[in-house]
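First subunit A sits with subunit B, and in the next complex the same chain sits with subunit C.
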Partner chain A sequence: MKSPLSYSISPGEMCLTLVSMIVGVGVLTLPRALASEINLADGWISIILAGAIIILFIILYVRLQQHFPGETLLEYIGKGKVWKWIARGISLLFLIYFLCLMAYEVRVLALLIRMYLLDQTPSEVIAALMLLCTTYAVSKGTQGIVHLSLMFLPIVVFVLLGLISFTTIKADFTNLLPVMPEGVLPVLAATKVTLLSFLGIEILFFLMARMKKSEIKVFPLITGIMLVALLYLLVTVVTYANFTVDTTTQITFPTVELAKQLEIPGGFFERLESLMITVWLITIFNTISIVQLIFVQLFQKSFMKENAKANYIPMISIFFIFIVAFIPDSITETFMFGEWISWLGTSLYVFSLGCGYLYFWMRKKKNEKEEYYS
Partner chain B sequence: MKKFMLIFVLLLLSLTGCWDRAELEEVGFVIGIAFDPNPDNPKTFDTTFHIAVPSAFSGGGPEGDSGEGSPFFNITSTGVTNFNMIRDISKRRSRSLNFEHLKVIVINEELARQAFITGVLDLYTRDHEMRRKTHVLVSKGEAKEVYMDKLPLEDMPAISIEMINENYTKALEMIETRDIGTISEKMTANQSYLISGVNKEHREDMNISGAALMKGEDNKMITWLNEEDIKGYNWVMGEAKNGIVEATVDDKESFIFEILSHATNVNYERQNDQNIFNVLIKTEGTFSESWIPGLEINNLETIKKMEQILSKKIENQATSLIKKMQEEWYCDIFYFGPLIKRKEYQYWKQIKEDWEGEAGIFKEANVQVNVEVKISHYMTQEKTS
Partner chain C sequence: MLYNLITYIKRIERTDNTKYNYEVKGVIILQEFADRVLSFLPAGVVFWSAILTTIFAALTQMFFNWYVKKAELPWMREENQQNKEKFIAAIKQQHQGQSEKEGN
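Here is the complex of A and B:
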């Protein structure tokens, strides 16, 4: 599992990996989640707000990371005596979180494919094939995964932008009015939902360790988040403009339905949702493979001896992912599962960031004391 | 490693089977659906599926085997739910039904009057095979009748209906096509809406005009709007794309005004507890046909006069429909309600529930119609000799 040590992630690569990590199943359901949360068209404002909050989170973390280049957050914390155990605890939670996240993504993917593309193929087969593919990708190490993301992301963004621009033709943007009729509170309530769809930033804790010290910068990451926010914003606005807010609350996968709505003039193309879902497969593949990579590396570092053989971990991990993926019985349970995972992820991010800062502060104090006595 | 390779090869072999294989020749494409009440049992209804026979399409086959048999067939099933009837066809005909190319749904007027549309649209928006672009129409008389006879030029009656329906820009008597998507939008928003009517008086002929007025609160059809009403509707909604207006000078000689561009601006104001809607209809077009002897159309005076006649006429069409809606049917089909929602949200929240209806506020609204007509040119003839 050792990738060449000479490889380090450049800032641009980091930014794009982050984008392809964040854009996952979230964008398929985001317009509905927003619409049914507040029943107003103000969801787009909260996307901007959530984007700003996420940027703040990232700035905070990057500031911290600059103090320990070449190490992951948990490795950094794990140097203290008591902290070692806290770091272990956090990494265990992260492992559970990543496992559930992969399971969730794979389950939604299987559901979607079953619903729109192949209604006879068993979901289990689709999920298994997906996981086998990502496992192969993981065997190529960090460099391989990062480069896969770089390769696929343009396709995804291109198709999504195409979808958005073609569906604006028949859109009625007055559906977005009135703006903030009930004041700021609903916008804040919706921000909660939107924050969850920005999850994936926790990969920074692990991947930024592979960056050179001089290259740990905030700006490229902010650009990435802005790109994601822009995509979310456009998708939501166009969905509302096409379907009205009231109808959006009724549609399970508004973004796919948007693709179904689309007819290229001339009737040359129909059934564009197949294309859309195929592209979606790519993003979900990206997300899962990034998470799986981190999962495997984290497991190795926290719970295995230095030189132990780790070839079999990815394969064992997919076995558990597969089982967890099919625990929820229905689509409603799956979405509920997704919500729990999101909350787990958010709290983990905030908690580990807090721990990081606390540890940093204590060490600084200690160093000052030592300097004082010497 | 060799073992692994072997496993992979075996996997490849076992995974190449296609679960979802559906041969084109084994699928029956449903192009149109008609819903009729069942004469024997009022609790059930009849669904007629209008299925394509591609091999009999004209110019379809390489050997030019057109004319051999009908390019479509209709099959009717009776039941209380849609899906049950779809599966019922599987028992009776060789090919399973596929709805991906469904173009038209026609609902019998009698069913439309019973809030039937909610049930129909449920399956047809829920299922992934159906598209939101499928046209919906209400028929005067038997719905399945419209699929019986092939009309000239197109292979299937449903395709003819779809294409006629898309001619709405040319005829002022037709409303913009209503598809399942728009209707479900109106349904979730509890708005009243119109659905085009299809009328088959004689065999070999069809007519799409007029519209069924659906009440927002219960999705029941309450009445038909005639062609004159639809003209007014198109003016108020800004949908008179490329229609024509026939007007007369002093009730004698007729002339035609062809609309080239049209926009309607509705302005809402709330003054002294009164809801005031200012409807400004602006249109520009050409003077296209004249039966007036000795008319000098290149004269500014004459044009002014023509414009006045036209604006009077358009104003009449619009106001008479608005009046009808306010005084007779109490339905806000012009979406004035959402306009209030946009401008006076707090006020709208209070009155939302009693906007329409007999004791509603819509009835009391003050609607003013202003029309600006411009004859921009008169084609190539200046004088009628």
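Here is the complex of A and C:
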């Protein structure tokens, strides 16, 4: 057995963990968010555009990470005297962001399960059970969480592809026409919404420190993003083809409703949305456990002494996640909360990346000066 | 100021002649203040659920840690596994050295 201390994430594992992280709650609501934003069927074009932008972001970060293997971005930035405080500030913002993200995922999960599976069970119980499970997963460390992602992702992708392929039987693809009737501007406007659905790439700032220098490559990560983009694209296209754009704007979870439409030839199985939600539980569990792990590690590194015990941080985090999760009063408020979190995440990603490049450039200049004078 | 507030809370005013309606003005002020500042917080049941879940998780972990410590055998310990790997690597090197000498 490999010792957990010597564990390093391989490129393939990193790719699949990234996919597990990104495909969370987003895919359940993306078709509605796109349809509401532009009221046209052109959302699928914006998914391709957003995918390309995210790939660019990832290339930029991986290039930077290659200069400091074995360290997280914040550890790298935190080496400077003034930069140490900037890194601490960013860490604090990331902690708030991760806490809110977990709370949002838990709340949507509770809503989803109350709506489609267990309508008599209180939301608090559902949230508590999920948080207990993720906390146990976090106790297994990075290796455990990465391997859970590897184990669950194929099941999720298989079910999603099955759902898509079976619902194309009744789909009317003329609902997607005409393409770009109002020009390019609505597509660009929708790209904003789609970009938020790709959020989750910030885990690279923290998990890539666990990769060996020779294994820090862009290609596997790009493959992962392309897989996510393909899944999003297929789900959106099939949803519009089944429900039309106008109807999609009225449905809270279009992807689950799509599963309700599902008819397997022969009529052996019915009510497949329950199966779909059950599988989706796994995805949300994956996302929350990855985020909770990073939350715990970041807290430990940034705000605790080296020898201090960090065993009880996941437990304490449960309390705060729980409280934040139930602050929104309704579904509308929950989704608005989700939008704020997405903006916070995007801003943090861009800001941290910018800081990373600035610090790298300043250090390079300093080294050049020192070499010149010596 | 705090003293005034406490005495204000303690002073019970009779506001209605027909029935005794106990109104504590200080409490009302505090309630209004709390409503304005803390009204975004979720209901009490959420607090209790959060506290109970946290306690349950902490107790489970304490029990689990205790159990793992009790059931751990020497070879399972991290430092012993590392020592084992070092030991195996050293033996391998010795064997390689011997076979190279024999080959020469």
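One rule holds for everything that comes next: the second predicted complex is superposed on the first by the 371 of 374 C-alpha atoms of A that agree within 3 Å, B and C clash if a C-alpha of one lies under 4 Å from a C-alpha of the other, contacts with A are read in each partner's own complex, and residues count from 1 in each chain.
Simple rule for what comes next: contacts are C-beta pairs under 8 Å (C-beta built on N, C-alpha and C of every residue); 3 or more make two chains touch, one makes a residue touch a chain.
Here the structure is a predicted model, which is why all the values come from computation and not from measurement.
In the superposed model, A:L358 makes contact with neither subunit B nor subunit C.
Once chain A of one complex is fitted onto chain A of the other, the partner contacts of A:I316 are limited to subunit C, with no touch recorded for subunit B. Of the two partner chains, subunit C is the only one touched by A:S139; subunit B is not. When the two complexes are overlaid on their common chain A, residue A:I155 makes contact with neither subunit B nor subunit C. In the superposition on chain A, A:I327 makes contact with subunit C only, not with subunit B. By the touch criterion defined above, A:D119 lies against subunit B but remains apart from subunit C after alignment on the C-alpha atoms of chain A. Overlaid on A, the two complexes show subunit B and subunit C touching the same residues of subunit A, namely 122, 125. Touching subunit A in their complex are the following residues of subunit B: 15, 19-20, 100, 128, 131-133, 181, 184-185, 188-189, 341-343, 345-346. The touching residues of subunit A, counted against subunit B in their complex, run 115-122, 125, 129, 174, 177-178, 181-182, 243-244, 246-247, 249-250, 257, 260-261, 263, 271. Interface residues of subunit C, counted against subunit A in their complex, comprise 40-43, 45-47, 49-54, 56-58, 60-61, 64-65, 78, 81-82, 85. Residue ranges of subunit A in contact with subunit C, taken from their complex: 1, 3, 5, 122, 124-125, 127-128, 131-132, 135, 139, 311-312, 314-316, 318-319, 322-323, 326-327.
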